[in-house]
Structure formats: C-alpha cells, structure tokens
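Order as written gives the chain letters A, B, C and D; numbering starts at 1 within each chain.
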Amino acid sequence: MGFVVSAIAFLFVMAATGVAARRLPSAPAIVYGGSAAACAVVVLWAAATLAGGGGVAEGWVLPIGLPWIGTHLRADALSAFFLLIVNFGGITASLFGWGYERAHRDSHAGPVLPLFPLFLAAMNMVLIADDAFAFLVSWESMSLASWLLVLSTHREEGTPRAARLYLIMASFGTACLLLAFGLLATAHGDYSFDAIRAHAPSVSAAAFCVVLVLLGAGSKAGLVPLHVWLPLAHSAAPSHVSALMSGVMTKVAVYAMIRVLFDLLGEPVWWWGAVMLGFGALTAVMGVLYALMQEDVKRLLAYSTVENIGAIVIALGLALVFKASHTPVIAALALTAGLLHVANHSLFKSLLFFTAGAVLTATGSRDLGRLGGLIHRMPTTAVLALVGAAAISALPPLNGFVGEWLLFQAILNGPALPEWSLKIEIAVVGAALALATALAGACFVRFYGIAFLGRPRSRAAIEATEVGTGMRLGMAVPAALCVALGVLPTPLIRLFEPAVRLMVEAGPFDDRAYQPWFWLAPTSAIGNSYNGLIMLAVIALLSVLLVLVIHRRASDRLRLSIPWGCGFDGPDPAAVTQYTASSFGQPIRRAFGSTVFRARDQVEMPEPGDTRPARLTVRWTDPAWALLFTPIATAVDRLAERASRLQFMTIRRYLTLMFLALVVLLVMVAVTQR
Amino acid sequence: MGAITVIVATPLLSAVILALVPDYRLAAKLNILFSAITLLAAFVQFGLEPSSGSLFVVDAFNIYLIALTAFVGLTTSVFSAGYIGHEVAIRRLDAGKLRFYHAMYQAFMFTMLLALSANNLGVMWVAVEGATLTTVLMVSLYRTAASIEAAWKYFILCGVGIALALFGTILMYLAAQPVMGPGMAAMTWTELMVHVAKVNPAILNLAFVFLLVGYGTKVGLAPLHAWLPDAHAEGPTPISAVLSGLLLNVALYAVLRFKMLLAANGAAIAPGPLMVAMGLASLLLAGLMLYRRRDIKRFFAYSSIEHMGIITFAFGMGGPLANFAGLLHMAMHSLTKSAIFYAVGHAVQVKGTQRMEKIAGLTVSHPVLGWGLLVGVVAIAGLPPFGIFMSEFLLVTSTFAREPLLAVPLAIGILVAFGALVLRVQQVCFGAPLGGAGGNAPIQGSLVPLFAHLALVLVAGLWLPGPLVAWFQTVAALLG
Amino acid sequence: MTDLGYDAAHMLGAVVLLMSFALLYQRRLFSLLHVFTMQALALAATAAWQAFSHDEPHLYITALLTLVLKAVVIPVALHRIILKMNIQRTIEPALGIGLTMVAGVSLVTLSILLVLPVTEDATALTRENLALSLSVVLLGLLMMISRRNAVSQVVGFMSIENGLILAAVGVAGMPLVVEMSIAFSVMVAFIIFGIFLFHIRERFDTLDMQKIESFRGESD
Amino acid sequence: MTFLLASLYQVVQMLLVLALAPLLTGWVRLAKARLVGRRGPSPLQPYRDLRRLLCKEVVLARNASWLFRAVPYLMFTAIWLAAGLVPSFTTQLALAPTADLIALIALLGSARFFLALAGMDVGTSFGGIGSSREMMIAALAEPAMLMIVFSVSILVRTTSLAEIADFMMSGAVGLRISLALALIALVMVAIAENARIPIDNPATHLELTMVHEAMVLEYSGRHLALVEAASMLKLLLYMALIACIFAPWGMATAGGGLFAVLWGLVAFALKLAVGGALLALFETSIAKMRVFRVGEFLGGALLLSLLGAIFLYVSRGV
C-alpha cells in the first residue's frame, strides 16, 4: 500500500520535473526513467501481494477530498491485479516513449513529458480509490491527462476534433458514473465503498446502476455504440500514449465495471449479464468489422481494441450470469478468461501500437497505402510485429489463444443455465465471438501483409530504417511475454486467482485434482485441456526434423529470380500490380460491409491503352454516427440557433420577459395558496 | 465590531481619496493598498467572535463572503493596475476617466461590502442599488456605442429589478410590522430571524416572489439575465471580473437571506421549486447560448449565468448536501471566473481582439498565459481536481438520489455547456496562432492574481479547511 | 384610527390606481405627463394624510419630495426633453390600447387574489393598501412594456415607484422610507440624464438588428 | 505402461497420416476420373509428384523474405500435428490432452494465417487475391466449425476428441436433428477448407476463380511439395474428423488389445475409402460457384450449425 502511494507521489514529482526540466536535453531520459521505475515498484508490490494471496484488507484514510469523508485508499486482490497490468504497460510505454521522444523532437508539439506521469498516476489512483469521490476524481483526472496528451499533436488536422469528442464522451461517462454512485450512496451521502457495500440498493436502483455503469465505464472502454471517440483519440495521440490509452486505460474502465457490478452492487440478477453479453457480442463483431475498413494503421489497431473489449465484456457477462445462477466455479472460469484476456490484450495491443509508432518514426506515415516491404528494412520490428499480430489473432501457441480458449470453455457451459433465453443467447454470442476471432485473423493478415510484406508503396517505405534501441526494447519486452504467457499461462492464472476468488467466491481450478504447473485444464470442462508448451515443443521439433531431412535427402538448391506479376515488374515503388489494403478488404467488405456500413466499391477503369492506373475507391457510412451522434449534434445545434435569438432582442422585449416571469411566479403563488 | 467597520469604511474613504488623485499610476497603487487594508481587516474579522449590531451583522453566512469579496477586490486591483497601463498605452482611456474609474471601483467595493454586512433590509437594498449605479457608470466607461448600449440595457433592466426588490422589501416589513411593531426591529435580519415564525405567510410569499425576481435580475437568472452578457462584454475587463466574481454572489446572498426567513417560517410556501425552475432555465439556456458566441468575454459571461443557474438549483433543492454544494460553488465560481477574466483580459490585450477565432494557439504564443487560461476553463468546466468538481459531485449525486427526474436535466445542461467550453478552449488555446492584429505582444502586468486564484481553487478541490466546512454546514442547516 | 381617516386613505389610494389606468389609456405624450403629474399629486396627498393621521412627521418629507420631484421637476424636465429632441408626440403602443386595458384589469384581479389570503391580523388598511399598491406596480410595469417610446417608459418606471411609495407610506411606522425614496429618485434622475445625454430616443426599442449584432461583436 | 503404449500409438498415428494422405488424394482423383469416364492416373501418382517437387530446385522471388521460406515448414508441421491429434484408429493418443477440438481448429487457423501472409510476401497480385479470399472463407468457416463443436460438446459435455469418440461409440446419443445439421455443416466447411469444388478447384489455374492455388502460386520445388503435402494432410484430417465424430465405430478404445487396434486401422482405411468416393461423387455432380457466392454458402453452414446448437435445447433440455 505504502509502496503504491509513494510511487504515485513519485510520479507527481516526475510530472513536476517534466515541467521544470523541459528545456534540458536529458529531460526525457529522467522523466521516462523515473516513471518506469515507479511503475516497476508497483508491479513488484502487486505481484508480491497477489502471490501472498490477496490484497490489503485495511485501507488508508487520508484527510483530504470530501471534508466529512476523507479519501479512502485500498488495494484488494482485484486492484492489485489491475495495478500489475497498468504499471507493466506503464513500464513498456516509458521505455518506448523514451526512444520515441528522442526520435520526434519537434518544438511545436504540446508538452508530453509532464502529462505522461500524471496520466499513469491518475490510472493508479483509480485502481486504489476506495470511495466514490476519490474514484471519480481520479477517473476524470485520467481523462483530463489523456485529453491533454492527445492535444499534444494539436497542430495535425483532425486532432482537435478527436480530442474534443474524446473529452465530451469521457465526461458523459463520468456523469453516468456520478449518477450511479449517487444512487448507491443514497441521499445520506456516505460515499465510501464500505458504506455502499453495507446497504444493498433496491432492485430498481440496482437496475439503474447497471445501465448507468455500462454507459459510463462502457463509453470509456469503447462499447459500441459509445466507441466513436476511441479510434480518433487513440490514433491522434503520440504512439506510446496510444499504447497506454488503448492497452491500459480501457482496462481501467473494465476494472470499474468489475468493481461495481461484482463488488458494490451485491447479489447480481441474471439479466445484468444478459445485457452485457449482448453489448459485448455487438462490440466484438462491429469492432473488428470497423477495423477491417480502416486504412490508417493506428485507427485499425484502435478499432481492434474495441473488438477485444467486446470479448472481455462477454467474459464478464458470462461470469455475472453464472454468479447469478449460483455456479461459482464456472463463473470463476469465465472471470479468469476475462482477466487473462485483459492481461493479454494489454500486452499485445501495447506491442502493436509500439510497432505502429516505430513504423511512423521510420516512414513518417500511418497510411497502409504508403507502407509495404518493411520486413526487409526493419527486421526486428517486423518480427515483433508478427508476434503481436499472431497473438491478437488468437493463434496457438501464443497468449491470445489461451484467453480465447478459456472463454470458449466458459461459453460451452451455457447449457447449464436455467434461463432458456440465456441458453440461446449464449449460443448466439458464441457464434458472434467465433466470427469476431476469425475476422480478427483476416484483419491482422491484412495489417501485417500490407505494412510489412510485399513491395514498398512509397519512397518513404523504401528508405525506412530500423528504429533505435529504446523503442526496440520497449517492443521486445511485451513480445517476449506474449510468447511466455502463451506457453505457460497457468502461473499467471494462479497468480490472480485471489482476485477471481474475491469477486465470485471460487477459483477456476476448484474441485479438481492438482494440475501440473505447465498444464491448463480448468474445472468443469471435463477432459478439456490445452498445453501450449508441448504443442510448441512438438511443432519446433517436427519442423527442425523436417528441415534437416529435406535439406539432407532432397535438394537444397535455390535460384533467385523475378516474380511473375502479369508482365508488370521493375523497381517502381508504386508496385502497381500489388494488392492494396482496400482491395484486400474487398471480399470481406462484400460479405459483411455492404449491409452494415452500406459500403460501396467504385472502380474507375481507364480505357485500354490508357496508361493511368485504375482506381478503387470505397465509400461507407458509420452507423453509430448516422443513427446516434449526428442527430444529437444537429439537435443541439438547432436548439443553440433558436436560443441564440434571445441575444438580439430589444430592451422592451427583455422587460416583457421579466414581466411575464413575475406574473407567472405570482400566479403560481396565488394557486399554491388556494 | 471594529473590524467590520474598518472593512466597510475603508473603501468609502478610499473612494473619496482616489477621486482626488489625478495621477492614475499613483491611484492604481493606492487602489491596491486600500484593497489590501480591507482584506487585512477581513482576515482580522476571522479572529473575532461572530457579532451583530444594529448596523452590521457578521455570521457564518457572510463572514467568508466578505473575506472573499475583499480578496477578489485586492487581486482585481492588482490585475487592473497592469490592465489600465495597456489601455492608456493604446489610448482607450485617459487620466480623467481613470480617476473616475478608481473612485468608482472603491465605491463599488464599498456598496458590496455594505450589502453583505448590513443587518438591515433597507440598507442592503440601498447598497445593492448603489452597486448597480456604480457598475453602470463603469460599464459605459469606454463611451463606445456598444458600451453605452450595454450600460443602458443593464441600467434599465436592473433598475426595474431593483424597484421590484424594493417592493419586496416593503412587503417584508409590512408582514413583520404587525408582529414586531413599527420601527427598525422589523427590518433587522437578526430580529426577523427570531420572530419570523409568527409572521403572516401570505405576505411573506408575495414578498419573496418580488425579491426573487428583483434580486434575481442581478443574479442573472434566466429569463432576467439579458443585461449580464453585454455588461460583461463591453466594460473594462477588471469590471467584468468583479461583476461575475462578486456582484452576482452579493445579489444571490440577498435572495438567500430571504429564503432563510421563509425556511424559518413554517407556513410559507417552499421557495425551492421556484428556484429550481429558474436555476434549470438559466443552466439550459446559457448552456445552449454558449455555442453561438464569438466574443470571448460574452462567452464567459454566459458561463457565469450557467453557474448561477447551477447554484440557484442547488439552493432550490435544499438539504445539507445540496446547500453545502451551493455555498462551495458560490465561492469556487467567483474565484475561478474572476481568474478566467484576468486571463481573458491579458489574452484580449496581447491579441488585440475579443473574437475567439482570432485568439488561436495561445499556449503556443504565450505558454504561461495560455496554460493559465486552460486550467481556469478546466476548473470552471467542473473537472477535477478543482473545487467546482467537488460541488457539482455533491449536487448531482444528492439530487439523483432524491429527485432523479431533476438530476437528468441538470446533468444534460452541464454536459451541453461542457461541450461548448471544450470547443472554445481548444480553439483559443491550441492550434496555430494567428499573427495579425497585435500579433504576439508581450503581456502587461503580472499573472500573480490569475495563478493565486487557480491555486486556491485547486487546494479547495483537494482539501477544505475545517472552519470553512463548519460555516458551510451551519448555513446549510439554516437554509433548510 | 377613524373611519374618515380610513376612507380618505382608501380614496386617495384608489385615485392613484385610477391614474395608473389613465396612464395606460393615453395616446399623446403631453397628456401622459399631465396624468402622471396628477398621480404624483394624489400620492403626495396620501403621504401627507398618512403623516397627519399617524402623525409621523418624516412622511411629510416624503410627501414634499413627491410633490416637488414628481409633480413639478420631472414633468417639466421631460417636457423640455420632448421639445428639445423633438421626439414624436404620439405614443405608438406595442400592445393595443384595448388589450392593455384587459391586461390591466386582469392584473388588478390577480393582485387582489394574492392579497385576499392575508389574514385579519394585518389591519384592513394594510390589506387594501397592499392590493392598491401591488396593482399600481404591476400596471406601471405593463406600461413600460406596452409602449415603444422612451419617455412613456420613464413615466411607467416612475409610476412603479409611485406604487412603492404608496405601499411604504401605507404601513405604519416604516423606517427609511425617505432614504429609499431619495435613493430611488436618484435612479430616476439617472434615467432622464441618460436619455438626455446619450440622445437615446427609441433605443429602448431599436429594431435594427444588424446594428445591435454588430455592436455585440457577434455578427459573422 | 499405458503412457508408453499411448506414445507408441501416437507415433504410429503421425506416420500413418503422413503415409495415407497422398494416397487418399490419389484415390479421390482416380475415382473422379473414373466417374467422368477417364482412366485416370494411378492412385500412387501424388507420391511421385511430391518426390519430383522435392528434388527440384527452388525458384525464389528476389524480394521474398525469410517469412516466405519459413512458412511451408511451419504450416506443414502445424497441419501434420493437427492431423496427428485426430483419433483415427485408436482414442489412446499420448498428445490428445495437449489440444482439444478448439485448439485443433486454432492450429489449422494459424497454418492458414501464415500461408496467407506468405501469399502476400512477394507482392504480386495473385498472392493478394488468394490471401484475401482465403481469409474471407476462413472468416465464415471457423465460426461454423466452432458452432459444430458447440452443439457436439453440448451433447457430450466435452471438447476432447477422444472422449467425444468414446461417447459416440457408446451409442448413448441416438439419432438427432442437431447432429444431422452439424454433420451437413461440417461437410460444407470441410469442402470449403480443402478448396474443393464448388468453392475452389484444385485442378484449375484460372486466376479469377482460384483461391488456394493463387495464394501458393509463387512457391516451387520443396516448398511447393510441402504446401501440397500439407493440403493433402488437411483433406485426410477433415475426413478423419468427420469419421471420428460421426462414425467412430471400430476405433480401438482404452484397454483395447492389439486386435482392436488392427481392426481400428482397417476400419479407418475403409472409412477413408468411402469418404473419398463420396467426395469424388459430389465433386463430379456439381459445378464450381462464383467466388462471391462462397459467402452465402458458408453463411448457410454457419446458420445450420447454429440452428443445430439451438435445436438441442428444443429436442432435449440439456
């Protein structure tokens, strides 16, 4: 506990240093180094706490914040787990950011150094806050810091809109949470979480709270249709900040959901989970479909975050449902799947954003249409990106698959539930999740194939060079963990078992004989087991064997030549015959996009003999905007126009208003007196 | 009793003295000095026991408002010293006008402090009217067509308002006189609070309506707000700062005193619904008005209306939490808004325009000022870790727990206004700065007042001193 | 107090109210001023009578002030202004005379409705007086908003003030009446000063939107 | 002891699939030829083709990366392992617990992932066409597959293939609509995954229609041999899978002696023969469909499998 608080304090110091020493050339090294150190302390503390079986029972109460309540701080097992995730992300982001800052030293950009530690500190505070006020202060400070970080690129067009939308949506979320806590704290206004736990809310109040929390935390996590800000903001920020926002901050939102739905609200009702399942499925599928439509690398990654959040929310929904139906072990399985996916996603999403940042640094472009062939020029980045892409596509034996596997195991228990509607819903959700996973695979083949493989599509891509050590280190660490966790997930699962136990009063391995530490076979999935380690070993063994055999016995001769491109060839960087991002997306667009996004391809084919290249242009509309946000915006605009007339009236009319107000009030009094 | 007399007398005397000082630089220094003395006395007041005489009353309610007024008065005088320097440099003001300006400034402080500390309905009314007259003169200081137009509008509307308030005052006496007999007693706060329970409620209600509309006009509640934006936009910025920061509070203070009377008298109608209605109206209307504004001072004037709406709503809701929130919000708003007007004043001077789209990229061209303004707007928008977040937190949560249907429009109104604030602050503080008129002139005068206020608001957002909390809680109880 | 005293006070108050109606009815500026003068006289008489019947000498001052300022100085001043700035002599109403009358009557009924529940512990005089002054105030406000012309609005404003003073003198032993009426007269003086100095003729009701918008820096 | 036996079976299984895969393909080709009235090549032809390719030199595009060269080995081993995990003649396989049905599908998924990447590595348009279409097909085939797993595992309460096979053999299931639907869906998926008519035609090289062939167009020599062998293995794998889930009869179970195992081998061979014949019959009786109708085809498969899953509830509360 003391460690966490002092680490947070140290982060504030770092922020101050960032302001004071911004002119120094060594400032980035100091600030990012310091941040990394602080995060490392918290990571160690959290790991130790979890290993020690659960967090701190006794919290702290500081005499600040709301006068008659003070600020309650407490880190139980759940907080400890999320502290682990957040601060690990913080470490890698600091490492990468250090290199990134050195690569991008343009004076025009807004300040990042002071805000980066603040952002980390705010996220940590959310996780240890133990009363509504402290929670919301930290929550909104988190939004505030990240908003300013997004604005640090305010010179680029598009950023201001993104930042504005982000802050407004974030505050909408905060408002919803505010209302939810208002209901929980009731009129007597004791905002500490203990007091809230003490008296369970009425059924209707709880229902309101669930909806409000899904809106509030959901808008932060990027639940469809509240996701619109996310791709804009995440892609506008500097890459290491994008990694934090996408890989880590969304997890803090997930933490908020778990905290309220599993902890504060008391005994759940089955439909809560049903709602979450619905939203999760929608989010997962829509998110990846959006991602498939994107040309901008970072936007693509941000949308894939939306998809993964959908998967996590599905897991939470399952856990709630099973908790409500008093099958805690399965609930534990689902929650484990969710938390594991939280950890995994924070790893490979940070990794992928780092690679995007590296590509941006090397080529100065985020547009898939201008990349290509980078595997030759940025070998290390390419390998690490491949790990990330394979992991996020849930391919064994990497970590993404383990989470997916557990989640499916939980879904397969759907039939055990009493409610018929739920049984069927879970079947459908399972299909949606499978669809999302498969589409994610397609999406990242597209990402990796277009950006790193093939022939370069621009001069910049030809002249790209590998990035510096700091950035490569920042990428290598999460990549290594992606592999490690894929091969040996069990230790991590054991580590955060206390958190699961705290939320659903059971662990995933209960009522089951002891498992060897390298074996993953959770309870209740009879005979279902998975072992990445052996799988990897066998594959490696076999392929080595294969290579040896073939090169010994069969030929190992090799001749380099020109690939056959229908007659087109040559060193032209345009690589006219090559598939582009949009042409790669075309089959899937036809299969899905035409209905969801009203996507239309338009090919302009020049006459035979004309040397101009043919052009493929894709038009599509975003349903979330078309159906929800544009109407709201226009409504406010219209009202503003109406109201604005009041500014330009004559004094006599204003007097008339006053007179009418007076008369109305008098009449009200006269009536009330009768 | 001594301190309060000093507090009220100092500005009066200094007004006379400043009227005689021809040199405006000296006058500005004296202005600061006198304001400092007033503030000192206000601090001394903290040490003394709450006391009430026939003339003055000092209790939990007005003691902090007096100190706040004196403080903002001081900081504004510091800001105005730098401000007028620039105005003289660009020939918008001359020595004669400034002499008048300084005298009026202190006179204005005097009227407000008197209104706050007076123990007598009549005296308070006279003081508020005096405040109106002095500010009208200062709003029209530039003698431009627009400023005269604004002053005129301000004067007529508030004049009628004042008239109605006077009628309300008379009615109040009319109600009290049968119980307490003729004479001063029936117009003295402290006496009234004692005997009001026996007073005839019907006249009390009538009186309150007139007082609400009358003083409400000065508070700037919709639909009585029309004077406020122009008066803020066209007058000198220091005046805008004190108008938003202090005058609105004083008018609201008057309304609240009467609300206390109604609360103390059981039989009278609950004033809550009326205030809630007007508060919501102001909040929503102002929130929408913010979108179309181009003039930065008028923009923030509307934001003042919005916040007055929130505060009135809070007091209308009543109850310990909401009232606490309202009191806190009053203090926080006056500090923050005046700070914003300081920043805006500098920005307008360095950029030479009040049009927001022309004041772009402030954080790039003038980092300190730009970030100062940004922080101020962040605070006024109700984002943590600033004081306004705390009050809005308390207000929204407690309201939703009690009257969910009222909390929803409240939240919507706050969000709507928030959207406009974000839109504009990004436009003003970020993006590429335009050179053009004035371009990147250096900042005149010190930024100390700005950051002093922001620091206070920040501290208040994290930690409130014990005595203040105690005062708030007693007053919250009295407000019912 | 004697019945006579009561009736006289009541009668004078009624005259003041009547005059308010007469004000609403006027179409020409000068006749408006004349009616206003009469209202001022009636008010002065009321004040004096109250001073006499309750023997509160300071009310004599009020009466005197009213007499001098409202019945003499201000009408003359306004007369001057009208001639000097040749403001058009007819009042163009924003609201039809008939409608204004109806509104006026309904306002009076409203004020009576409001005063009715005032219980008997307040003396009958207070109630009557309250009803009258309330109506006068409301009618004055109505006057202000139903006329386009600056001078007539000043008159309306002052008739509001008359209503106030009517209420003030009606209730026994009200302190500070004099001070307040002085403070108020200062404001009225300001208005007239304003009209005079800034040549604000119809500024009350400028219909030239572009002008106002450009004033306020809000035009695109 | 059992473990040793299991590992022995495992090795046998790995070699068996490796040995049988080309034969199966050859058999299907022969049957097709006969059905259309040609004599057709010997069923051993695939072995010869593979040997020829293995001994040829590799012609590699200049701008091919290491990935392009690594992928054949990776995908081959992945598919080989997958095929090795499907119980063919016995359910007692040492590696069975390492991967259940879901992991199996994912394993095939990763093979496809890398092959698709390899298709885009050289940067010709064919590779792009192939990869994009392949991923679109996969996007629909995988969920359908998982839904089939879902409905089967609702019945069997497990996703471990061995246990599924045991359960099915016990005959406790009986006939079910949902199983029928699942079977149909699985067949459709298998057809799509193995690039058979009507989705794709392994025999054609007409650019606009082909999917799988377009993707591997740049491969030659030993690499091509591996890719071809992998696809043969995949065909075998799917047949084995269908057999294992829907017709596990004759498979040797726990404690089954040597005779049981031998009988299992024979039964497996028979199943393959019948399956191949049926496939040939199907392929000759239907025409290739346009690539963009594939979506509807597989969408149908997905819906069928989902329907199967839901039907289970209706037919019997599980």
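Assume a residue touches a chain if its C-beta (ideal position, glycine included) is under 8 Å from a C-beta of that chain, and two chains touch if they have at least 3 such contacts.
The structure displayed is predicted, hence computed values, not measured ones.
Looking at the partners of chain B and chain D together, the chains they share are A.
Looking at B-C and A-C, the interface holding more C-beta pairs in contact is that of B-C.
Measuring from the averaged C-alpha position of chain C to that of chain D gives a distance of 99 Å.
Remark: chain B and chain C have CA centroids separated by 31 Å (rounded to whole angstrom). One inter-chain figure worth recording: chain A and chain C are separated by 69 Å, centre to centre, where each centre is the mean of the chain's CA atoms. The distance from the centre of chain A to the centre of chain B, each centre being the mean of the chain's C-alpha atoms, comes to 44 Å. In chain C, 114, 117, 141, 144, 153, 203-204, 212, 216, 218 are the positions where the chain touches two or more neighbouring chains simultaneously. Looking at chain A, residues 647, 651, 655, 658, 662, 666, 669, 673 sit in touch with two or more other chains.
Contacting chain pairs in the structure are A-B, A-C, A-D, B-C. Of all the residues in chain A, the ones that touch chain C in their complex are 647-648, 650-652, 655-656, 658-659, 662-663, 666-667, 669-670, 673. Listing the residues of chain B that touch chain A in their complex gives 152-153, 156-157, 160-161, 164, 202, 205-206, 209-210, 212-213, 217, 223-224, 226-227, 229, 269, 274, 285, 288-292, 319-321, 363-364, 378, 383-385, 389-390, 393-394, 396-402, 404, 407, 411, 414-416, 418-419, 422-423, 426-427, 430-432, 462-464, 466, 469. The residues of chain A lying in touch with chain B in their complex are 63-68, 108, 110, 132-133, 136-138, 140-141, 144, 151, 154-155, 160, 163-164, 167-168, 171-172, 175, 178-179, 181-183, 185-187, 189, 191, 208, 636-637, 639-644, 646-647, 649, 651, 654-655, 657-658, 660-662, 665-666, 668-669, 672-673. Contact residues of chain B toward chain C in the complex are 120, 122-123, 125-126, 129-130, 133, 136, 145-146, 148-149, 152, 155-156, 159-160, 162-164, 166-167, 170-171, 173-175, 177-178, 181-184, 187, 200, 202-203, 206, 230, 233, 292-295, 298, 354-355.
Interface residues of chain A facing chain D in the complex, by the touch rule stated above, are 372-373, 375-376, 382, 386, 390, 393-396, 401, 404-405, 408-409, 411-412, 415, 420, 423-424, 427-428, 430-431, 434-435, 437-439, 441-442, 445-446, 448-450, 453-455, 519, 521, 525-531, 534-535, 538-539, 542-543, 546-547, 550, 553-566, 575, 577-579, 583-588, 590-591.
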